[in-house]
Amino acid sequence: MSLWEYANPRKFLTTSERLLPWFWGLAGLCLVAGLIWGFFFTPDEARQGATVKIIYLHVPAAMLAINAWIMMLVASLIWLVRRHHVSALAARAAAPIGAVMTLIALITGAIWGQPMWGTWWEWDPRLTSFLILFLFYLGYIALWQAIDNPDTAADLTSVLCLVGTVFALLSRYAVNFWNQGLHQGASLSLDKEEHVANVFYLPLLVCIAGFILLFVALVLYRTGTEIRARRMAALLARERAGA
Amino acid sequence: MTLSVTDLAITRGGLPVLEGLSFALPAGQAMVVRGPNGIGKTTLLRTLAGLQPPLRGQISGNEDTIAYAGHADGIKPTLTVRENLSFWASVFGLKDITRALLAYDLGELSERAAGTLSAGQKRRLGLSRLLVTGRPIWVLDEPTVSLDKNAVEMFANAVHTHLAVGGAALIATHIDLGLEAELLDVTPFRAKPAPLDDFDGVFL
Amino acid sequence: MIALLLRDLKLAFRAGGGFGLGLAFFLIVTVLVPLSVGPQTSLLALISPGILWLGALLANLLSLDRLLALDWEDGSLDLLATAPLPLEVALGIKAFAHWLTTGLPLVLAAPVLGVLLNLPTAGVSWVVISLLLGTPALSVIGTFGAALTVGLKRGGLLLSLLVLPLYVPTLIFGAEVSRRGAVGMDVTTPLLMLAGITAAAVALLPYASAAVLRVNLR
Amino acid sequence: MPDLGKYGDTVLSAYGVSIALLIVLVGLSLWRGRRVRSALAEVEERAKRNG
Amino acid sequence: MIALLLRDLKLAFRAGGGFGLGLAFFLIVTVLVPLSVGPQTSLLALISPGILWLGALLANLLSLDRLLALDWEDGSLDLLATAPLPLEVALGIKAFAHWLTTGLPLVLAAPVLGVLLNLPTAGVSWVVISLLLGTPALSVIGTFGAALTVGLKRGGLLLSLLVLPLYVPTLIFGAEVSRRGAVGMDVTTPLLMLAGITAAAVALLPYASAAVLRVNLR
Amino acid sequence: MTLSVTDLAITRGGLPVLEGLSFALPAGQAMVVRGPNGIGKTTLLRTLAGLQPPLRGQISGNEDTIAYAGHADGIKPTLTVRENLSFWASVFGLKDITRALLAYDLGELSERAAGTLSAGQKRRLGLSRLLVTGRPIWVLDEPTVSLDKNAVEMFANAVHTHLAVGGAALIATHIDLGLEAELLDVTPFRAKPAPLDDFDGVFL
């Protein structure tokens, strides 16, 4: 049996219907467990005090913000090469999730920056490139919404995703050149594995798992919604043609 | 140089409009496409011209042989008639536009800005573009809209000359052009909607 | 090829073609900046290289709306797509014509407007050089954005949203060259990057533009 | 409730905003999913009736 | 009257209505400024009130293109002009709807974007107040510009040229209020002027807009 | 409530197109305007609706009495049929749109977004707008374009009802509507160009 079978909308719907309760449940479980663990049962860090607890939201969100875009890129490529509608719709379904994740990473980062760096916002390369990533998400979503014909929209947004990825990488590099910032240094103490004590590390892993599971559940569910909306549009168009 | 089409199916706005269409248009022949409003004539012609891919089926003999003329004429209002025509001539690698000007009696108008032409004159300019393409197969969508009697005759003459030198023409129209042409009524090829539960892979 | 270029230039220069509007917009934005941030000359001198780049970029952006939309509306794009000229080449030429009628005048006007913003004399030549190197990329990227949105009614604002993030690398390196040049620092790296981006964009983006335009023409 | 020290506001607002955003995202997804599902059922029904 | 307002709001919120695009443009311009003038926070703090005003103004400007042109293209303006509602009132309402869907969101977003530009905390409230007082004038003036250019094909850039000079007084006093507020100076005079300009524009300009629109409808 | 016109002259694009036109349209009557393409029918109707001033002559009885429907329908694609209609109803101070929906058989479509209607359905929606204006004089420019047989009948019925309750209608059209209406052929009123040396003050 080939993996491409799930590119059939009906097959996708039935399979995702079966899987979704598991993903919702596990995501909820991991998120609740990880966040409660992190919030209530971890000590304060020596230098950062209680603010270290923000890490359980900030890092998973930041990871997903990037990975959601990568997933959209892969899905777009599949659509362009193999013309499986489900994959185009999955890219469409993932974009708002990625945008919200970016927003969460930006907001928690900004809130964290206030006590740590003494400023809400700093034109640090990583922060700046995240803001630019957010703009790419906005443009991508807006283009999907602006075009009536679903196949045209899928083609155009896929190419935009491709070209956008190249330019996002370029921007990342350019921004790095433009300003050497604070973020790296500030996070270094947690970056190196020996410095990240297990007390912080394990709940972080649980939270990351929770965010990933939530992302998968949302993508599956929202792709289902997009498939139904597409099917409905096709039926309505048929009705119109018949009338 | 025969344009031939086998078992063609075409879509518009995501829905199939025509299917199972086969025909051949040999050199020296004209063919008139007929059918009620909204059946898919424009879509068919655009597919043949290569502007959109067919859903199924083969088209052969349409590569770099087709000159397409649709509802819009691609005329720039601020350029003169001569400038408009020379531009298209050089895009197609030709130079001489006098034959085109003559065929549609545009000589008098040649220095007028195209924006000041009446609708019928504009249309004549749009049709004269076909003569500077040097392409053998003309694919025309309602070419005589807003033309008066006289101009329709100029058009019929131009088509005749074109056929006589081994060209071909495929014309979608509702009116009688006074050409001897094969008739292609596309009404019987209206696409039947797929069965409702056929919901696999595509959403058509 | 040359015919398409000449036609686009002619259209831009004839009445209503919009030649000069981009320049005027550039001028106005440059005038509005002192009005909004205040008239202190030292402050203006600091920000002037960046503001000139930003103004040029916005002026470029606003002129994109006409780049393909008019040809789309009157059917010229349909005819061009079925002409022997490959669509990639046609779009490359249109981008070039856009640069000649919009980008180049901006480059030439920049020194004059620099005076309004107290641009240090040392910076003038670098602003001009960086704009000269960078604006072709803006035109090519803009053509891609215009091809993406050509079928939409009044898609100007959406076009901006799509194109501006793509302008970011060009803007960063271009402004960096101007700023460093103005204070006499070394500009080699950003200058090379700017040239590289422009070269790559000019070489590759017309393919993407032609691909999306074909989708839009269906 | 753990003692958050002087960073109480910081941490709580970060948690508050993030969780609120997640809830909004999930809520909107479910809401639209339900609506589309019922609308499709209706259209599908109509299509069957009309052949 | 209320029906026209509701309709315009509905159209803005429905898919393709462009609500939010102005906001996104405002965000982008704010991001581009540090990218072009450099990331020094002290410099940014100095220019942030002015830049926020300029960004809001440009975002406003770009959304004008849709204000009347779509209604013109589908014939709604013809029908509105022959309806019992006086055209002056109709244009006033359309300007109000434009403000609600464009101006107001910009006002609300300004504090957040202020964070990005290191706007001093003391300045935030004054920026918001000045925008709140000034953006209605921008919408009304913009409606006048849109009415002037409504019959033109792709007249976006020309519209900008006509409208921007008219925006100047509002910009000057608005930016002045924000700048003075940010450094704790007295803002009474510019605030009064700003309020006066807005009041006068809102009261009088719809008559001019209606007059030029009637000419364009002939 | 009589619409009357005396010695009217009208211009289009700076040139006079019709002149010396006089007629009266009393309540309860329909009048059909005829004439070849480009003679100035659209211009005449727009002048009567108050969208442009006449060059010379008087029009009386056209203040707040005219409901105009031109080539474009003023339909917003993203609003539903009902929303479109309710909007125009409340602009004209009315509430009830059921009669309008019924008259053009729009009941089934009332919740569809107007952008998804076919050309003929859109036109029906545009015509139904007349019924929610409450205005006595209808001024219609080619109202039946793209309507099929059935819909043309709906339109004729709507006009009949309107005339029966004391309304009036002025209709420019090229086809036969099956209405008993007075005929107004504007061809004889084509404006004669002013003598070339008549160059005083105006440039007409």
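Note that the chains take the letters A, B, C, D, E and F in the order they are written out, and that residue 1 is the start of every chain.
Going forward, a contact is a pair of C-beta atoms (placed from the backbone, for glycine too) under 8 Å apart; a residue touches a chain by one contact, two chains touch by 3 or more.
Computed from a predicted model, the values in this text were never measured in an experiment.
By the count of C-beta pairs in contact, the leading chain pair is C-E.
Centroid distances from chain F, each centroid being the mean of CA atoms, peak for A. Here the spacing of chain B and chain F, counted between their Cα centres, is 35 Å. Averaged Cα coordinates give chain A a centre that lies 48 Å from the centre of chain B.
With centres set at the average Cα position, the gap from chain C to chain E is 25 Å.
We define each chain's centre as the mean of its Cα atoms; on that basis chain A and chain E are separated by 33 Å.
Shown for chain A are the residues that touch two or more other chains, namely 132, 135, 138-139, 142, 146, 175, 178, 231, 236-238, 242.
Taken residue by residue, chain F touches two or more other chains at 118, whereas all remaining positions touch fewer. For chain E, residues touching at least two other chains, in rising order: 15-16, 21, 24, 28, 35, 73.
Contacts from chain F toward chain A in the complex involve residues 115-118.
Here chain C touches chain B in the complex through residues 2-4, 7, 10-11, 14-17, 71, 73-76, 78-85, 217-218, going by the rule given at the top. Residue ranges on chain A touching chain C, taken from their complex, read 132, 135-136, 138-139, 142-143, 146-147, 152, 155-156, 159-160, 162-164, 167-168, 170-171, 173-175, 177-178. Against chain E, the residues of chain C that register as touching in their complex are 16, 18, 21-22, 24-25, 28-29, 32-33, 35-38, 43, 46-47, 49-51, 53-54, 57-58, 62-63, 65-66, 69-70, 73, 152-154, 156-158, 160-161, 164-165, 167-168, 171-172, 175, 179. Residues of chain E touching chain A in their complex: 15-16, 20-21, 24, 27-28, 31, 34-35, 39, 41, 44, 115-116, 118.
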